[in-house]
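In what comes next, chain A is part of two complexes: it sits with chain B in the first one and with chain C in the second one.
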Partner chain A sequence: MAVAEGAQELTHAIGLHARPAVKLTQLASRFESNVRLRVGADGDWINAKSVSKVMRLKARTGKTLHFRAEGDDADEAVAALKGLVERGFGDDTQ
Partner chain B sequence: MSAPAQVAVAIVSHSPEIARGTAAMVHQMVGSDVRVGYCGGNADGGLGTDVETIRAMLEDVWTHAGVAVLVDLGGAEMNTEMAIEMLSEDKRAGFTICNAAIVEGAVMAATQASTGSGLQEVQQAAEDAIG
Partner chain C sequence: MTTRNDPDAPGGPGEQVLLGQAASPGLAIGPLARLDPARPDPHAESAATGTEDGRERLSAAVAQARRELELLSADNAGDLGGEVLGFQIALLDDPELLEPAEPVLARGAGAQAAWEAAIGELIDLYARDEDEYFQARAEDLRDLRQRVLGALASGDAAATEVPQRAVVIAETLSPSCFLEIDWTQVRGAALIHGSATSHVAMLARARGVPLVTGLGEGLRDLPADVPAVLDAVDGRLIVDPSQQTRVAYDERLSERAAADEADRAYSARPATTADGTPVRVYVNVDDPAVLAASDPGICDGIGLTRTEFLFRDGPADEATQLAAYRRIMAWADGRPVTIRTLDAGGDKPVPGVTPAGESNPFLGQRGLRLSLARPDLFRTQLRALLRAAADGPLKILLPMVTLPRELAAAREMLADARRDLAAEGIDVPDTPLGIMVETPSAALRPFDFDADFYSIGTNDLVQYVMAAARDVDAVAQLQDARDSAVLELIARVAEAARQRGVECSVCGEAAGDAESIPCLLDAEVRALSVPPAAVGRTKRAVAGHRTRSGNGA
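The block that comes next holds the complex of A and B.
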């Protein structure tokens, strides 16, 4: 089974708030792989497909999100999630 | 068999404005694809809830995948339970009232529903919600 990891700094002006959390969860859920997420290199891993857990992270701007995916589409999942964070969640109006 | 439809979300508030506003937040944050029903107010349009109004809304929002219902205060829950009882037997089982704050719960439930999760997971997401 493929395993992929990646990290991306949160540059989005308000960090991982409600709407970004919703977008991240929706994107993670499109992949078959198990996808986990943590804030910083020593944070606790949480399920990136659980909106309540993602929203509870309340990660602020400047923190780094770490992704770890396990499954056939692990590489694609990590690349997509990093891209979402890099793009500022395609949304900076909130 | 066609692909299973997504779980829907129903919102019952004492206030028509809260019901409408909560639905608007869900659509803005989660997307317009999520199926959301809402109602609020008594039969005269004042603050309160009305069993027949709720029943009609629930009938309308029902899907095979199920419906997660969010209510605000005591009377809303009681009248929603009564409204569910009035539905036909095959539909009744598809509704579950979530023990969650109405706005947070509706957004969480709709997000989980938008990922294709089943009713139980959607309910769990709503009930895990924090402000």
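The block that comes next holds the complex of A and C.
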């Protein structure tokens, strides 16, 4: 089973609040792989497909999000999630 | 509230009449169907429910809440309201959301406590945050908490299949439960409690569902499946009607059905009088929840949005108000939307806002008087309204205006709010500011008010001109918008509007009353704002009238 990891700094102006959290979990849920997420290199891993868990992180602008996926589409999952964070969740105003 | 054998009715031996209030007009005949045979008492819940039952009730309530949100979001795609709903749906879909509920369920504390545990922690986390944006999301979470709690309270009821063509009887009906019922199949509802001003009454009127409230405890003991006549015109339920009663009501019902049919034919077209004078027909909105059931294509826009729904449990914050206003703007889809600032006081007390102990609240600190006395609340509402104006043609309406200086003070506060928003980088378009004409002082001197439009509130105007309270049955005959003193004032305002080049519309019951509409048109009123369910009837009444001024004037 493939394992992929990646990290991306959170540049979104407000941070990982409700709307970005929804976008992130919806994207993560499109993949078969088990996808986890943590804030910073020493944070606790949480399920990236759970909105309530992602919301609890309350990750702020400037923090780095780490992704770890396990499964057949692990590479694609990590690349897609990094891309979403990099693009500011396709939403630069809020 | 009384059970009696009605001496006036041509009743048979078994016939029983229960009296209540007609909360949403209409007639229905059908078998009674009880909606809440075993409504759970939340206080007794922990004792009554085991772990499994609690888990089932919670997942049923979450599923119901999700269906409601889905229904709402279909009409709110793309706007902020839609995003909030999408967020709430995503949360309910999260399999880990209910994790904190598990230990609570395991110790048998019940579905409600379990849900509070699951959502409460998230709310606290966001509410305590120093970031305003995160705090604002706590509001959305609280809203979700309420929705699921509501689903829990009505859960058993909603799970009950209501037989077709039945008249539903229940203790009360929550708004979400009301929305769950397919009213194209169910004929009407009779409630033990409730009043004509309740949330569910508003929903019923908007959808045209006959509803009688306050029928009292006698309703509780009625057997299901018994035939009944629901008379939501006179506010009564006739159980096991005699043959004679049935025939009489069957006749009335078919007359009404024919009238409804004729009304429907008019609702989709623009309104014009028999001589071709165009009349604008707007809708009144009491609560955005009713919009899901209404087609914006039948009206020229929203002539009156009552915002009291945002203050039901105390004042709503700016983000909550903005989301609600944007939802309304999205529904109107570019048509003009008139939103009235808080009209608290009188018969609409708001906890923590309206003054207590006024001997005559209708003559007290209500409407704009109250808003000017509470600049903190007023500023928040004006800011939210101005921000929503970015979405389309929004007009702000001030209730209970008595003196020109009140309008001037409100205009100044509006300018301040606009300046503050500009300083925050939020530019808002010009927003017309109009006044309700409901006090005799305003109706006598409409030229004195530098208003961008007039909206005549006939309910209050009649009450103040005739010195007859709306809630005193003994003086109900004085409550007549067709009285010549009232009509003279209405004509005066319409004429002032014409000369000043601004719009004058009529909202209030008279605007949707087929007998009053000709009088209003004769007073040169050319815009009416009515409940969504009354649009067809109103347009039909307009079409049947020939104006004095003749074609197209």
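Heads up, the rule we're going with is that the second predicted complex is superposed on the first by the 94 of 94 C-alpha atoms of A that agree within 3 Å, B and C clash if a C-alpha of one lies under 4 Å from a C-alpha of the other, contacts with A are read in each partner's own complex, and residues count from 1 in each chain.
Basically, a contact is a pair of C-beta atoms (placed from the backbone, for glycine too) under 8 Å apart; a residue touches a chain by one contact, two chains touch by 3 or more.
All figures in this text were calculated on a predicted structure; none of them were measured in a lab.
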Have a look at chain B and chain C on chain A after the superposition and call it: clash or fit.
-> clash
Identify the partner contact of A:Thr11: answer first if only chain B is touched, second if only chain C is, both if each is, neither if none is.
-> neither
Where does A:Val51 make contact in the superposed view: on chain B (first), on chain C (second), on both, or on neither?
-> both
Could you say whether A:Thr61 touches chain B, chain C, both of them, or neither, answering first, second, both or neither?
-> neither
Please indicate which partner A:Arg19 is in contact with in the superposed arrangement: first for chain B, second for chain C, both, or neither.
-> both
Which of 7-15, 61-69 or 223-231 in chain C clashes with chain B after superposition?
-> 61-69
Go through chain A and flag every residue that touches chain B in one model and chain C in the other.
-> 18-19, 22, 25-26, 50-53, 55-56
Which chain B residues qualify as touching chain A in the complex?
-> 29-31, 107-108, 111-112, 114-117, 125, 128-130
Chain A-facing residues of chain C, complex = 83, 86-87, 90-91, 93-97, 99, 122, 125-126, 129, 131, 133-134, 137, 140
Chain A residues touching chain C - in the complex, by the definition given at the top = 14-15, 17-19, 22, 25-26, 47, 50-53, 55-56, 58, 94
Per the touch rule above, chain A residues touching chain B in the complex are 18-19, 22, 25-26, 29-30, 49-53, 55-56
